[in-house]
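Here come two complexes built around subunit A, the first alongside subunit B, the second alongside subunit C.
Take a look at the complex of A and B:
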């Protein structure tokens, strides 16, 4: 078995205790996940809020016990051999500011390197080098409490790479970083994986671009299930027979997007109301279907402001699989 | 590639030293020396002073009674319980809720018990400062009579070392329990330290307790530890309290060592079990939401 990460029918059920009287409910955060990530791969988990991405990372990093099924990381069972897994992995969660505020950036990082048994001199060399890459070199001796949230997150990202793990887990690494910093981090992630094919990296994201541009393979997850798993190009190829249009129209004024959905040849319609207009994304079986949609709009007194034919993205793949856009899934869960 | 830190004694020692270093960085962060003075000096001395005032009212100022140093020293050394035992269990709350690093400690190839006990070293040092100052204060201003030439130093050092180990192991047990509880219940450590105060003969003999509660005191290693510390410092006058007066120093030492080993083993078992439950319930990185 030369998979860096493998799961077999992996499930995790959370028991949610309500009030004193109500029955405890259970929530399947992961159900029967089967994944195989090869050594050397940059693998992405793409899914909306609550899909189970963090839960999967927690199980794989030995923080959380699976309810059933099995998972192996770097060849070891995460539930049975956590102490074999731990020296070989590291993990960073984005969007949180962890660390000892009264230690300097260097001290925080040095301390963790010592827990992994990296000789002090080597650790300091790596710290300098990594801080240079993320543009934090001038903050080497700044107390980490004096860093902004984004800079603290960069420090945390460095902590993950510092120990040169066999398998690195990044949970939403660019969450909360600005556009420039996100781009730098993505570039570094890609470079790190390309530099040494013995390394494996699993990241979660709910940014389509991140999954699309960065990852060798992507698993699309929703409600604890893997809906599809392939290279971004192959995932999009599923929609190759389809044609995609983006329409900006006048507000639908109570007319539901469903009336277009029910037209023959229309595969999927998603609707996003905007300020003063509406955006409709159409997935059609062929070009000619568009005219029936346009007719239906005219009948409903909706005028078209802008119409654009476009290439499929992972977002479309998600819509095709789930029936709704990721945005819609997320807003309906709140 | 990855430096594999297998858990050999050398890497355990390094974990311990680095954890102690971290603990010291946190504890010694006296950016506000005034605050430090309040917590490590003023607070313990005032507590001792209140005790002395109460004692003097009840006994009409009978400071010559051997009961007085017994109470004063019992109360003073009990500070180690709060510092070490409660301190170690608080590390869980600090790392999980405040610094949000507990999960990163857990996924690192370290022994978490070794890490936690390492973090306790700084608590021991800071606790020792308070204890020393309180004793000196008592000796110079509050009629506590300790004759340095009469102190059984070897016994004192031995009792202190065993006691500190014992408190560290009790702290580990509490840390396990803390792992399973939410933040607002996190004051477990303090509650336990408070309860033990009553059951360890710190300021009154166990005979004062109702008979059915006394056994709690008899199985607590803290009871024997405080007795041994007091005997080593003020000699036979410490036998003013009847509880353990029938036992020789060596007998008490034997019981203390035995209980320390027993509690030590129990602590490791309890901690491992709590850790297992915490992993099942997803509590290692839980942050309390209010």
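Take a look at the complex of A and C:
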């Protein structure tokens, strides 16, 4: 077995202490997760808010005990042998505020490297090297409290790579970054994994593009369950028999998207109202079904502004699996 | 050369596998690294002169004035100056040790400390050591200013014992701080209130501003659980002419008790820390409470 990460029926239940009167509730953040991540893989967990991504990372990084089931990282059981797992891993979360604002970028990174036993001189050399790669070399002696969000996040990411872990966990590494900074961070992540196939990286994201462009394999998670796990291409191939259309129409004016959903041959419809028009995403069993949808629209007095046939994305895979778009899942959580 | 078995990745732009120490080297590295921000950070704060030096000095001056007015023995002035200097350590333990792990948790550092292969005991020791070094500077400033201001006369009977008592008292005090830090780990904001609550009463019963001999025996004995009480009493006995006559119990016994306190507090810190870490991992309370 040469898996970098493996889980078997992994579950985590949180006890939620409410007010004094209410009964303590429990919430299954992870239920029966089975995952196998190969050495050398860049593996993505894709899911909406509250899917359980961070919870899974916490369990795998020995920071949270599973309620039941087992997990192994770098060949060791995370619950039984955390001291074996810890020297082999590292973790960075998006938007984290670790370290001390009074220390400079170099000093903060140096401090964390010491907790892994890297000799001081070597640590400083590596810090310089890595900061150059992420374009932060000129900030070596800037107080970390003076960094912008993007630069701060680059520093955090360097902290993760500094110890050259066997398995690196990145929880939403591009959270809150602008397009340019996100792209740079992604390029760096890809480069790191490609350079040495002994490295493994697991990242979480709720950006579809990130999962699609960056990851070798992706697990789609929702409500603590893995719904599908494959390469982005294979995941999309599930929808190959289907045809996808994107329609811009006049506002639906109270007509529910359900009326299209119920038409024979229509697999999924999602509806996003925009300013002055509506966007409908259709997953159909075949091209010819479109005409019945168009007929139904005409009957309902909805006019089509734009119609486009397109290739499936991971977003469509998610809709196909869950029945709603990630956006809809997230807004209904509130 | 077959000593280099690892694949050659050192030319890679993203530096290859670094050497990593383990065992006592890692422990020592961790202590030093965690002490570092304490030492650097605390000096960086410009406000320390005011809070850490002027406030204790204010207390010292007030007590000295009272003692002069009521005609207390001359050495009481020296006692107060010494007590004022030692309050700096007490405040440091309360504010920067006990509630520290709670702040580290909110900051997100605690999870990173626990996830790393180091020992949490080394983290706590580093915090203590850094705090001690930074505070010693403050205590020295208070001592020097106070001594010059009131022309304190020191008559040291044994420098060796004085030094030993100081070190023992510091070890026991910071050991206690480490124990509190572990206990406070799972508390949230209450940690801060508890520290606030403990500050003033301890000033009183620990005899920062007068010898504890003035207390009934059992009150003095009970307050000896706080290492500064006996430490301060012994240091006064060793550094002032009238010290021995105003002391609580003999310096020898005080040294013995302090040594026991060191062992008790450090051992308790060790076990509590391990227990609290387990509990926090089980209950999912290692990360900040916001999310």
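The working rule: the second predicted complex is superposed on the first by the 334 of 334 C-alpha atoms of A that agree within 3 Å, B and C clash if a C-alpha of one lies under 4 Å from a C-alpha of the other, contacts with A are read in each partner's own complex, and residues count from 1 in each chain.
We take it that a residue touches a chain if its C-beta (ideal position, glycine included) is under 8 Å from a C-beta of that chain, and two chains touch if they have at least 3 such contacts.
Just so we're clear, the structure is a prediction, and the values are computed from it rather than from any experiment.
Chemist: Given the alignment on subunit A, is it a clash or a fit between subunit B and subunit C?
Modeler: Subunit B and subunit C clash in the superposed model.
Chemist: Between subunit B (first) and subunit C (second), which, if any, makes contact with A:161: first, second, both or neither?
Modeler: The second partner, subunit C, only.
Chemist: After superposition on the shared chain, which partner residues are touched by A:133: those of subunit B (first), subunit C (second), both, or neither?
Modeler: A:133: touches subunit C, not subunit B.
Chemist: Who wins on subunit A residues touched, subunit B or subunit C?
Modeler: C
Chemist: For A:14, is the partner it touches subunit B (first), subunit C (second), both, or none of the two (neither)?
Modeler: Both: A:14 reaches subunit B and subunit C.
Chemist: Per the contact definition in the header, classify A:195: touching subunit B only (first), subunit C only (second), both, or neither.
Modeler: A:195 sits against subunit C, while subunit B stays out of touch.
Chemist: Per the contact definition in the header, classify A:118: touching subunit B only (first), subunit C only (second), both, or neither.
Modeler: It touches subunit B and subunit C both.
Chemist: Counting only touches as set out at the top, which of subunit B and subunit C does A:251 meet: first, second, both, neither?
Modeler: So A:251 meets neither subunit B nor subunit C here.
Chemist: I'd like to know which partner A:64 touches here: subunit B for first, subunit C for second, both or neither.
Modeler: So A:64 meets both subunit B and subunit C here.
Chemist: Give me the intersection of subunit A's contacts with subunit B and its contacts with subunit C, in residue numbers.
Modeler: The answer is residues 14-15, 58, 61-65, 83, 86-87, 89-91, 93, 96-100, 102-103, 107, 111-112, 114-119, 163-164, 198 of subunit A.
Chemist: Would you mind writing out the residues of subunit A in touch with subunit C in their complex?
Modeler: Touch residues, subunit A against subunit C: 12, 14-15, 54, 58, 61-65, 83, 86-87, 89-91, 93, 96-100, 102-103, 107, 110-112, 114-120, 122-123, 125-126, 129-130, 133, 161, 163-164, 188, 191-192, 195-196, 198.
Chemist: Residue numbers of subunit B touching subunit A in their complex, please.
Modeler: Those in contact with subunit A are residues 1-7, 11, 14-15, 18, 21-22, 25-26, 29, 99-101, 103-110, 276, 279-282, 284-285.
Chemist: Given the complex with subunit A, which residues does subunit C contribute to the contact?
Modeler: Listed in rising order, the residues are 7, 9, 12-22, 25-26, 29-30, 32-34, 36-37, 40-41, 44-45, 107-109, 111-118, 123, 281-284, 286-287, 291.
Chemist: Can you check the complex and tell me which residues of subunit A touch subunit B?
Modeler: Contacts found on subunit A: 14-15, 58, 61-65, 83, 86-91, 93, 96-103, 107, 111-112, 114-119, 159, 163-166, 198.
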